[in-house]
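Chain nomenclature is as follows: A, B and C, assigned in order of appearance, with residue numbering initiated at 1 for each chain independently.
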Amino acid sequence: MLRATDISRTIGQKTILNRCSLTITPGRFTAVVGANGAGKSTLLRIISGENQSDNGHIHLNGKPLEDFPNRELSQLRAVLPQQTTVNFPFTVEQVIEIGRYAHRTSDQENQQIINEVMQLTGLIPFQGRAYQTLSGGEQQRVQMARVIAQLWGGTYRGALSQPRYLLLDEPTSSLDLAQQQRLLGLAQDLCSRSFGLLAILHDLNLAVQYADDILFLKQGETVAYGAVEEDVTKEVIEETFSHPEQRLAVRLIRDQGQLIIVPQVSTRKSFITLNENRYESHS
Amino acid sequence: MPSVLTVRKSNSRTLTLSLLSVLLIGLLLSSLVVGAVSIGLTDVLRVAGQKLGIVADTQDTTQIVLLSIRLPRLIFTVLIGAALGLSGAALQGLFRNPLVEPGIIGISSGAALGAIFVIMFVSSQFPELAERFQSWLLPLFAFFGGLAATYLTLQLSQAEGRTHITYLILAGVAVAALAGAAIGLAVFYADDNQLRAYTFWTLGDLSAATWDKVSILTPLVGLAIVGLLAVARPLNAIALGEAEAFHSGVAVERVKLTVVLLSALAVGVSVAFSGIIGFVGLVVPHIVRIAFTSDQRLVLPASALGGACLLLLADMLARTVVAPAELPIGVITATIGAPFFIYLLKSTQKRRLI
Amino acid sequence: MKKNVIYLLITIISLPLAAQQRIVTAGSSSSEIVCALGYCDKIVATDRTSVYPEHLQGLPSIGYRNSIGAEGIISQNPDLVILEEEYVKDALVDQLLSTGIPTEIVAQDRSWESTRTRIDVISEALDEEDAGRELITKLEQELAEVKKLVEESDSRPKVLGVYARGAGSMQVGGSNSAFSIIELAGAQNAVPEIEGFKPLNTESLIKANPDYILFFNSGLASLGGIDGALEIPGVAQTTAGKQRQIIAMDGVKMTNWGPRLAEAALELFYLTHPEAHAQRTDRPEK
């Protein structure tokens, strides 16, 4: 388990997170959703160990996160960033190889793992290509390959037998529909191999389609947290994504056992209010 | 393009480095026989024999020129070229940008300022101290000067805990300008003697090489080489981003500190002894990356070897083009470096690599 | 034993004949002294400031200031090298001394004492002490003549020496600068409070109010002649500017305190004492 309990973070006067708790269970896909600025990325950074939380604690496989030396930690959890700019002409394999940094495996073993991971992510056609010449979606796939390579068959003090965790920060933002399905499908596959998965998703439909558990965050507060079947209600969604200027209305549709969330078009106030004496108003 | 299954990866690295080493040795030998005084290969062999005790020692001019003037200068050049090439590559890796060079982030000007401080103030206030420890004081203050300048540049370019490259370059320009102003001020109060030294600092000069200076350069540059080569793999990871490197298991802050300190050391001591020599740290890593790979495990050592080769070549030109006079080395490196850099810029733009 | 004595004698006799065939000089003052002693044709290479006599610049050039390198000098196979201290870099001195090539180091100070010492050292190295003493005597006489002219004249005009390299780079010379010949020529430095060279400052210029502004020939040319000099901010407000008293001299002759010292002092005297110039019996060729 990767268990986060009572995570809070305040910067200056602003409360970014207030007593959030969640558990990433191996074999289950946890999604974190919320409006912009809800604190999702901060939460992910704290769970990954990159930032500190003001109070609360995080336990990975039963051990406090701070007790892990960075090298050992990297063999148990990996983070897929939202985007990565690479300013040097690395090849696809070289980028993936970086994932093997924390491991003391030989070059030969690393090559084998890179091969396997490239097959897994469908990157074989891109062998030897320069990373910078790839499209955004293809580059994201390479990054995915890298983070999988990072967690692949760890050898550090029997990490192989321990559950490993993959944290994805908005992994689908630069992908087209097909690529999104592919990547999340791959994530689900990893789950079935006893990886624990956390993903920040901005597309609610993708979240409910792929995730097992879901956390709704609104301005640092937990609106709801639990299994997708139980937690996803109209009220929760509307509460999470509404804000004072714009009330959100949604419709939930069930189609062949799949939940679909549709934003409702409602009459809305005119955004532009002009002095009616001097200008025409549009409504 | 290379296939995925290259177990030969590390072998090809070794091969490339061996080839570069051979090139370096070739240039070194060529440099021994090139110069205003004509010395041939047979002379070199004879002097070598004399020193080894095989041939009778005659202490003639050729021997003195070779052993007291040319040889220390060549070793000096090799060490400084290696220092500049290597720190250029390391700094580019750290700041994740191929446009970074020791000069750009202010190390060189800071180092020059430190050295000038010694020459002007320490020498006049504490002449006996300066006399005895001159050869150590100079690189020491240059190191601190370079470090202070780099620290300032880094501080100015940080925002939200990340280093933005635009701010970095601008901050570097600002810090270099500040150091330049301070140098100008120092020169203003200097007498005519110290005034002419200004061109030494800004155009570079390899001819003041002595065995004494070589004996100081060697351990310091050696330390920098060993320390920087050790962070090659972490630098590869840092190329993806500091957060990404952290997640991959890299001790990012420690690597940053190592690169900054050792680069300041290598560049500082080079500047202290030879003035500011530009372009080597910018161009050599570029050439290595385009010609071979971006993997720092090759780029770092190859940049050291390449920097030494480039500077030897430039020095050969400086010593022969207007013989018996000499051109300042900085002029040669700029003449070679600037057009090459423009060419690189154009070709990498085409290949969408920048 | 007898054979050895004969060999020794032959060596001693042939020494002056064999010696001083190839001389390399670094510094204009030294080059001029070597020439004044009659060994001009023995100079095989020299630096870029040695412009007098003119043919010296046709010789291989060893460079300028710090860029003068040991190998360049050695490659000319000299049997005598004359270096001016503080003109060449320290490392060069050490390197040349280590080669065993006879090397004379002379000071570059600007004083009559220093000039005399230079002539002494160089004439001794050339084994021409007599010629050296003659040169010194001649110079002393010339200087005495200048001194007489100076004493006869009442005026001590204020002269501001300016080292210019284009309008953007101008420095004024104060005490202990290259313009120390000003005092010798019966004038006074307009900015004695300044030590060495400092950048030109308009307010200080007006405050100093020199009677004459003195340039190197090359410096004045870089400004576009007298008219260009008059356009420098502040000049028009000075006596020198108002009366178009902008003068120039050959820079090397004026500043190197070499054998042409008296000639330079005399020229400057007449430039700054026009009333004396009118009474001259020996008009110089222009």
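The criterion applied here is as follows: a contact is a pair of C-beta atoms (placed from the backbone, for glycine too) under 8 Å apart; a residue touches a chain by one contact, two chains touch by 3 or more.
Here the structure is a predicted model, which is why all the values come from computation and not from measurement.
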{"item": "Greatest separation from subunit A - chain, by CA centre", "value": "C"}
{"item": "Chain nearest the overall Cα centroid", "value": "B"}
{"item": "Inter-chain centre distance, subunit A versus subunit B - centres from mean C-alpha coordinates, in Å", "value": "44"}
{"item": "Whole-Å separation of chain centres (CA-atom averages), subunit A against subunit C", "value": "79"}
{"item": "Distance from the mean Cα position of subunit C to that of subunit B, given in whole angstrom", "value": "39"}
{"item": "In the complex, subunit B residues that touch subunit C", "value": "35-38, 61, 64-65, 68-70, 188, 191-193, 195-197, 199-200, 205, 207-210, 319, 322-328"}
{"item": "Residue ranges of subunit A in contact with subunit B within the complex", "value": "45, 48, 50, 70-71, 73-75, 77-79, 81, 84-91, 93-95, 97-99, 101-102, 107-108, 111, 114-115, 118, 127-130, 132-133, 150"}
{"item": "For the subunit B and subunit A complex, residues of the former touching the latter", "value": "1-7, 9-10, 96-98, 233-234, 236-237, 239-241, 243-244, 246-251, 289-290, 293-295, 348, 351-354"}
{"item": "Subunit B partner contacts - residues on subunit C that touch it in the complex", "value": "45, 48, 60-76, 86, 89, 91-92, 94-95, 98-101, 177-178, 195-199"}
